[in-house]
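Note that the chains take the letters A, B, C, D, E and F in the order they are written out, and that residue 1 is the start of every chain.
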């Protein structure tokens, strides 16, 4: 992390990452030994954009970096789900990400997306609440219904039925919104498992962000 | 389904789909009302290829068809995971798909990928075993270890640790193979939830395939 | 299986059993080594009737065949529960059998009674739905209430209370019907465990029946 | 309960049943209204034997008394399982009954079979331990292995595999014994559910027996 | 236990403790070897009062006796919770203790507090019902609501929300009563774990009390 | 919070609490309306000491403040457990507190004791790891064994047996240490439930501490 990016950090209110014995060596990203592949031009440009906008490359991208096809597919789906236009705000999508990751107790995703909730909401405590127990948060009925659906889907997808969708419609969500809630909740049920299976370690810079 | 595709069906040993009161109307693919978007040229070509190779368009593709970006991202990730070169055979990837979907009791994925296991293995009972309880199947140590890992990851991802990875290595899997097991298991933990959240219905043609 | 019974098979629309590496050796019925006892006259007549009507002896009967008293008691209870007059149709009793066996992931009972649901309903997909997740089936309110009760009884019998019985009465069931639902659900909670404890293997002929 | 049977009670060291507000009306045996059928000669003789030996008719028999075929089938299976020759002692079979019923929190079976454990063992505390948590009891390795298997079978039958049977063989059980453990455990998984489904109430006389 | 206390026992209707092979040696109170500390004057007086009132020292007190500060803190909290003025009767507090201990299957607490429920209620069967399954008891709406809350708090505290408190208020409980229900339920969730962690053994005298 | 205590805050490296919509009104400490009692001299002195040392009164103390006997008993037990001499360091006791509270998803305790882990360890990430999933932390064998025991005790206390205690002894813990692990784990199983039952809200100052 060069001087410049450090300046960028301060501009964005991010704390400087501190070494942590409990987190372990930040440079070993997963428990698997997989040789990085050369970045494709598309992915090289994307990494450069991350570096510029965030000041670092999220470790999940480096973890996928052993295979350009897999990295590209992951980035494509991630960006569509989390950034494309939707009836759900970007913050709401991150709230789903963290509430699902809390159910699955996924260290990587809780750290990275907990930081995103803090940053997007400007309410650091909201990030903590999503990590700890979303039921303790003071939320609008809409957001509460959204998280109830997402966490039920994480915990017992076989029990989700029409009445669960009806509760979302009752809370003001359109059918398209319901798809998006399901898709985001589903996606983090995937990434939680890839991260847990490989002991993926988050960039330590996240910890101090937007506190 | 025109005469021609029916002939294709017979050539592939697929039974003609029968109407089922219990399965309901095959033409209503999900519980959500989402207008199909015009197919992009890439997706139109992909659908044509499905029609040609399978004789039908899998309903999950039609379900994603309301948004070309989402459909494209899904197809990209699916094809990479299930068809790209890997230390896991295509059959093994389908076995993971079904064992995970059995844990999550996902009707769509059990039907569609159960058929794939029957077809790829030429052993229809293997498909049933993956649907019902993979622990009752006579499997090689390798495949048993693979499914133990995948189903633990589905059920309690927070408990997966180094000793679980060690068991896979012991069974002969490389680190790259471990990634692939995790990625396929993760992916079906996603699709199981999208399917359950939307009550996605499988093409009825799957039921009779490769029995 | 002689020529004649093979003819019987075709007459009944049953497929010829195929060997399956995953299912293992069909002639080893359980993991226990128990010497068959000589059939009592009553049981010899019953086995002959099975051979005549079904074309084979269900393996569960052979498994109990080491002790005539146990076999006779099992057959007596089974036939009363599944075949005697009841407010529940034979199909409904088989639906309970499969939904309970799905909760308990019992390979033997899912195969044998899944076939029975397919045969009695003439709707092969109904059999699959009972195996995979009964909640995904399009059922009458009556049958849905029946299965909700049976599966709750399988999963958390300690939580069943008056309101659960009230829901059955509301769906049109008499007190005698409630007994029968409980008794059939209870019975398969027994057989699921005997089968799982002994690794009981179903006759392979079931797999192709009524597809 | 006439004078004579009261005398019989004392001879057997049974306490006189006391009315209990919490247990409710002892004469309403289940929550279902089912007309008693006339006793068949065989069942009339059996009831008379119960009255003579126990001083009362166990309520479960009265509950089945609406249908002679069902009552006869139940009595046949029960007596074979619990009283016929077996490598398991009668006490061990009752210990399985209670440990399984404790897992399922079945009031009827815990009361009736808890009393049986107290009586057969002459150790009232053993009855309490089976009701409360068999893991807290000082048991032989044999009995501990037996109950571990029975309770795993009650809780998660889908996880029972060869290594569980191997543990029983290691503890000295024959294959026939393993069948009997499975059959008794299975049976109480059935009766626990019939009792819970119908809110079956035990004879109050059990409570004071063999304390 | 001297002659005198034996007389006290009879006066209180307590049975004489019998040795039990299954319970093991009554004089080894926990699985930990911890040297008793000299009793402080306050605790010596308290032990003397126990001896006088109960005829014995509850083993939990002896278990804490290795450290006077810990013993004093435990006794202070216990006596406040179970004996101080409250909108809950002493019996109700003991009912919570046993229902929570039943959820946690804690042998020590079920024995000791099951006896207390029998004694305080004068209804021995109520004690059994709390041990076995409080849902099978005929309770007032008030007591049923109280136990529903306490057992949910034991089982899934993260799901307790305003509607659970509302149900208690609906059943007539004040906010202070809700605190007391929570505090008693919480306390036994603590002691259940201390007892299970140390294999704490109850005084055998409890078993025969108030039967 | 006066100017002075604000200065104290800075001296201690604590961030100034920020209002959070998601956390709600910091001045409403629980969902129960309980009138504060006048502080006893002992408790007044204790509150003054908190104010001096911490710069604030932890909300749990205010929550207990409606009754001096309860507050005194709570403070007595808390201080003995967390601050008295022990083979466990203060940090280790706080790690147990947070790992148990994570299992129980208790917002209050995760916030308050997560801050304590950050502060005592000087490793903010260790606090996050205890909140999110202690299994992802790089811990010594000793601390890992300690948390395995504590979390098993939280999750399934009925399964704790001699082999669990043996694992602690193997990791170097004395019998007295085992007691302390059990007692601290037990205590937070209590407070988690009191906090969840009453929707207890942590002081917002905790959130920014020792980041």
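The working rule: contacts are C-beta pairs under 8 Å (C-beta built on N, C-alpha and C of every residue); 3 or more make two chains touch, one makes a residue touch a chain.
None of the values given here were measured: they were computed from a predicted structure.
Trainee: Shared touching chains for chain E and chain F?
Mentor: Touches both chain E and chain F: A, D.
Trainee: Which angle of rotation, from 0 to 180°, maps the CA atoms of chain A onto the equivalent atoms of chain C, to the nearest 5?
Mentor: 120
Trainee: Between chain A and chain E, what's the gap in Å when you average each chain's C-alpha atoms?
Mentor: Averaging C-alpha atoms per chain gives centres 46 Å apart.
Trainee: Taking the mean of the C-alpha atoms as each chain's centre, how many Å separate chain A from chain F?
Mentor: From the centre of chain A to the centre of chain F is 28 Å.
Trainee: Measuring centre to centre with CA averages, how many angstrom lie between chain C and chain F?
Mentor: Roughly 53 Å separates the two chain centres.
Trainee: I need the residues of chain B touching at least two other chains; which ones are they?
Mentor: 105-106, 133, 158, 161, 199
Trainee: With chains as vertices and touches as edges, which is it: line, ring, star, complete or other?
Mentor: If you draw each chain as a dot and join those that touch, the picture is no line, ring, star or complete graph.
Trainee: If two chains touch, include that pair; go through all of them.
Mentor: Taking the chains two at a time, the touching pairs are A-B, A-C, A-E, A-F, B-C, B-D, B-F, C-D, C-E, D-E, D-F, E-F.
Trainee: Residue numbers of chain D touching chain E in their complex, please.
Mentor: Residues of chain D touching chain E: 15, 18, 20-24, 102, 105-107, 110-111, 121, 123-126, 128-129, 131-133, 136-139, 199, 204, 207-208, 211.
Trainee: Flag every residue of chain C that touches chain E in the complex, lowest number first.
Mentor: 158-159, 161
Trainee: Name, in rising order, each residue of chain A that touches chain B in their complex.
Mentor: Listed in rising order, the residues are 31-34, 66, 69-70, 72-74, 76-77, 80, 84, 104-106, 149, 153-154, 157-158, 160-162, 164-165, 175-176, 178-179, 181-183, 185-187, 189-194, 196-199.
Trainee: Taking the touch rule as given, give the residues of chain C at its contact with chain A in the complex, in rising order.
Mentor: 133, 135
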